[in-house]
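Common to both upcoming complexes is chain A, partnered first by chain B, then by chain C.
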Partner chain A sequence: MNQRRIPRVGIGGPVGSGKTMLIERIVPLLSEMGYRVAIISNDVVSKEDADRMRKNLATERGLVPADLVIGVATGGCPHTAVREDPSMNLSVVEELETKHPDLDLILIESGGDNITTTFSPALADYFIYIVDVSGGDKYPRKRGLGIENCDLLVVNKIDLAPYVGADLSVMERDARIVRGAKPTLFVNARTSEGVSAVVQQIVKNVLFDAKPKLAA
Partner chain B sequence: MTTDAVPDFEFSMMQLADSFFPTGMFSMSSGLEAILYETGRPDAAPLRDRMPQLLETYVTNQLGPVDAVLLSHAHDRAAQNDLGGIVEVDQLAHAMRTVKEARQASARSGSQLLRAVAALQPPAAILTDYIDAVRRGDATGSFPVALGVASQTIGIPKEPACVMFLYSAAVSIVGSALRLGLLDHLEGQRLIHHLATTVRETGRRSAGTPLAGLWQFDPEIQLFQIHHERLRSKMFLT
Partner chain C sequence: MIECHTVLGNVRDDPRLRERLARMTEGGHAERLALSRFEAARTRLRKTGERGSDIVLDLPAGTQLHDGDVVWLTDERMVVVAQQPERVAIVHLSEDESPEDQVETALRVGHALGNLHRPIQAHHRECTLPIQAESELDVVRKLIHRVAPGARIESAMAVFDPEMAGEEHSHDH
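Take a look at the complex of A and B:
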């Protein structure tokens, strides 16, 4: 096992469910606590998400060095790039580990995909799956490997629930049935509501409450 | 897990040539995506008709006389346990890729290929040495060189290794053509089928070409490979 291994969180979920925006909310909170984070974004058709995060987190707020937001194209196969053949992502991770050993965490956004996406355990130590309410409250009970297997299920865009007739209590109940004791959190990534609970999960279960490397 | 049963080289060739073998190849189009965007929109029919000739040019004028030759020399150096020689071929391979995104993609997929082959069975010392050289930054892990070293250390002879490389590189380009909507699944297989002689003969020639005999002539494809780097919106790494 690689001793310089930097903990990695994989974030997957359907197209437009809020993966990028969740990262944009998580990083400032982690950065306030002193953690240094890099972001790898697997975009399906462009580097738009990587460019957006670079602008929002690096250029405008200086929370992440611009070269630590890295886009990876996936040849139209977002699930392959994080599951069956994570080679390209692993190479980028290894480059980060070599060049930036003092990083505390790497966040890896998968390309938007269907509910069967999972991360290769060789790529991510912790897997967050994010759905939004606009597909209806059926999602948790429909299962799908992503929803079932993830370490943390995030239900996003709770502000939209009344507009699509989604009942959050049904989602919570079904998630408990499908996922047992594993956590599910409800957030509104636009306003940051609920995002600090996501950060707490990461700090506790991925960083094991370790102090930021540069502070230790 | 048993490690004592070492597969014969034909089996190893099938395993390494399989698009399921994890090297990130699925994310590359070798410039085909740029060709489509710049010549195939809105009507891709003429480009579809050109696919057999384009694919042939990739094999005979680029993959064969450059990549497969580099592969064969890396294979020779690995057989002689000559790490310094491998590093020289590696640096030459890296320098010959003038487009940054292609250079980076080649190094990334090559270094992961080395990891994957090293995980199959207890790796030969020269394979481990090369991996360490890549880790230290003394070598880049350029894909054809990585494949040459990896093949030699698991018993695939030089010429079959060149043929295997050309085959899987051509399949990967056809795969990207399918996902770009340029071909259907049957047309893709027919194209691969008709490449058999070209791949075999180019592989044989590459395995016997001296390092000083590297050449490449496919200006159109190369220009598009350069253009790919500048595409605003893209599905593929190269």
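Take a look at the complex of A and C:
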């Protein structure tokens, strides 16, 4: 048993697909349930996403302590920092595990990357890949490691589907062909539509339906 | 919920476990846990077994699961990992060269495949690597035939068990 190890979810997807906003919607729901969450956000050169989440989730809403939203500037290709050599991220994870053993979950956001992004199993226990409909409904059937192998595929910005001629039923059908029994969820992160289903997947498959550590 | 915290052994290496599996399969007490290669590299996972059990894996950091690993064993139930076969390319190196040339060819093939940043599985004269689609076989063929014209390349569906050399799979302090 790994008492010290804090479960980790990796979130990857192309630039602008909604990784940061999905986290901004997930965290309030988890914290409402009593779970304590830390966020590590990878970006190529800036720490813009981490700063935005810290402002939104910590400073303005007080849902997460400000020091538990951590930005990592990776340089180079974003996927290398979460797959080939995750040591930078692992050292942040280990520091969190030492300093904040009562955390229930760590969310790790990858820098925006292409469809072959995956997370090293040494870094993430569960991998959410997010795409948005504005790239067209061809996305799921084009496959790629991220779409095929992620534990949960999230299709975001479903409200835009009619404007870009994307057929959600085509995306759902193709996802089932490519991903078999693994789940695909459709959301609009901006309005939080569908986000609670994402949280349910995390609570069941990553937290194993355990009570929050501080409540147990 | 069945909570598994350790690997008890593998039915391929351990004749006693193998015999136990045969007996428990007969009695309807054995349950296969189908995992993809990516899932087999995980230490924390929740999945439904083939007989419908809710199975949770919470294994020591750095554990790599293999096909045939036993993760749960009581008189009533045995849970065995069944890694799912996937599409692979198999490169067979030719024997029709002098020993020195064979080594040279093998080094060149190793370098070419290394450039793909893929995991490999080496066995005797064969090197296996995962591919995502049949269409990728042509790419592998072109790449290999440039450095090893005598190599034979085919695709197959197989359980792929990657070599661990040089890869960081745990970070246990």
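By definition in this document, the second predicted complex is superposed on the first by the 213 of 216 C-alpha atoms of A that agree within 3 Å, B and C clash if a C-alpha of one lies under 4 Å from a C-alpha of the other, contacts with A are read in each partner's own complex, and residues count from 1 in each chain.
Keep in mind that, in the parts below, a contact is a pair of C-beta atoms (placed from the backbone, for glycine too) under 8 Å apart; a residue touches a chain by one contact, two chains touch by 3 or more.
A quick note: this is a predicted structure, and the numbers were derived from the prediction, not measured.
Undergrad: Does the superposition put A:72 against chain B (first), chain C (second), both, or neither?
TA: first
Undergrad: I'd like to know which partner A:114 touches here: chain B for first, chain C for second, both or neither.
TA: neither
Undergrad: Counting only touches as set out at the top, which of chain B and chain C does A:134 meet: first, second, both, neither?
TA: A:134: touches no partner chain.
Undergrad: Should A:192 be classified as contacting the first partner (chain B), the second (chain C), both, or neither?
TA: Once the two structures are laid over each other on A, A:192 reaches no partner at all.
Undergrad: Determine, under the contact definition given at the top, whether A:87 touches first (chain B), second (chain C), both, or neither.
TA: both
Undergrad: For A:148, using the defined touch cut-off, is the partner it touches chain B, chain C, both, or neither? Pick first, second, both or neither.
TA: second
Undergrad: Per the definitions at the top, what is the overlap between the chain A residues touching chain B and those touching chain C?
TA: After superposing on chain A, chain A residues 84-87, 90, 94 contact both chain B and chain C.
Undergrad: Show me the residue ranges of chain A that touch chain C in the complex, using the header's touch definition.
TA: Interface residues on chain A, with respect to chain C: 1-2, 5, 7, 84-87, 90, 94, 118, 120-122, 125-126, 143, 145, 148-149, 204-206, 208.
Undergrad: Within their complex, state which residues of chain C touch chain A.
TA: 1, 5, 36, 38, 41-46, 56, 58-62, 117, 132-133, 168-171, 173
Undergrad: Of all residues in chain B, which touch chain A in the complex?
TA: Per the touch definition, chain B meets chain A at residues 20, 22-24, 26-29, 105, 107-109, 111-113, 115-116, 135, 137, 176, 179, 232-237.
Undergrad: Provide the residue numbers of chain A that touch chain B in the complex, in ascending order.
TA: Residues in contact with chain B: 44-46, 48, 72-77, 80-81, 84-88, 90-92, 94, 98.
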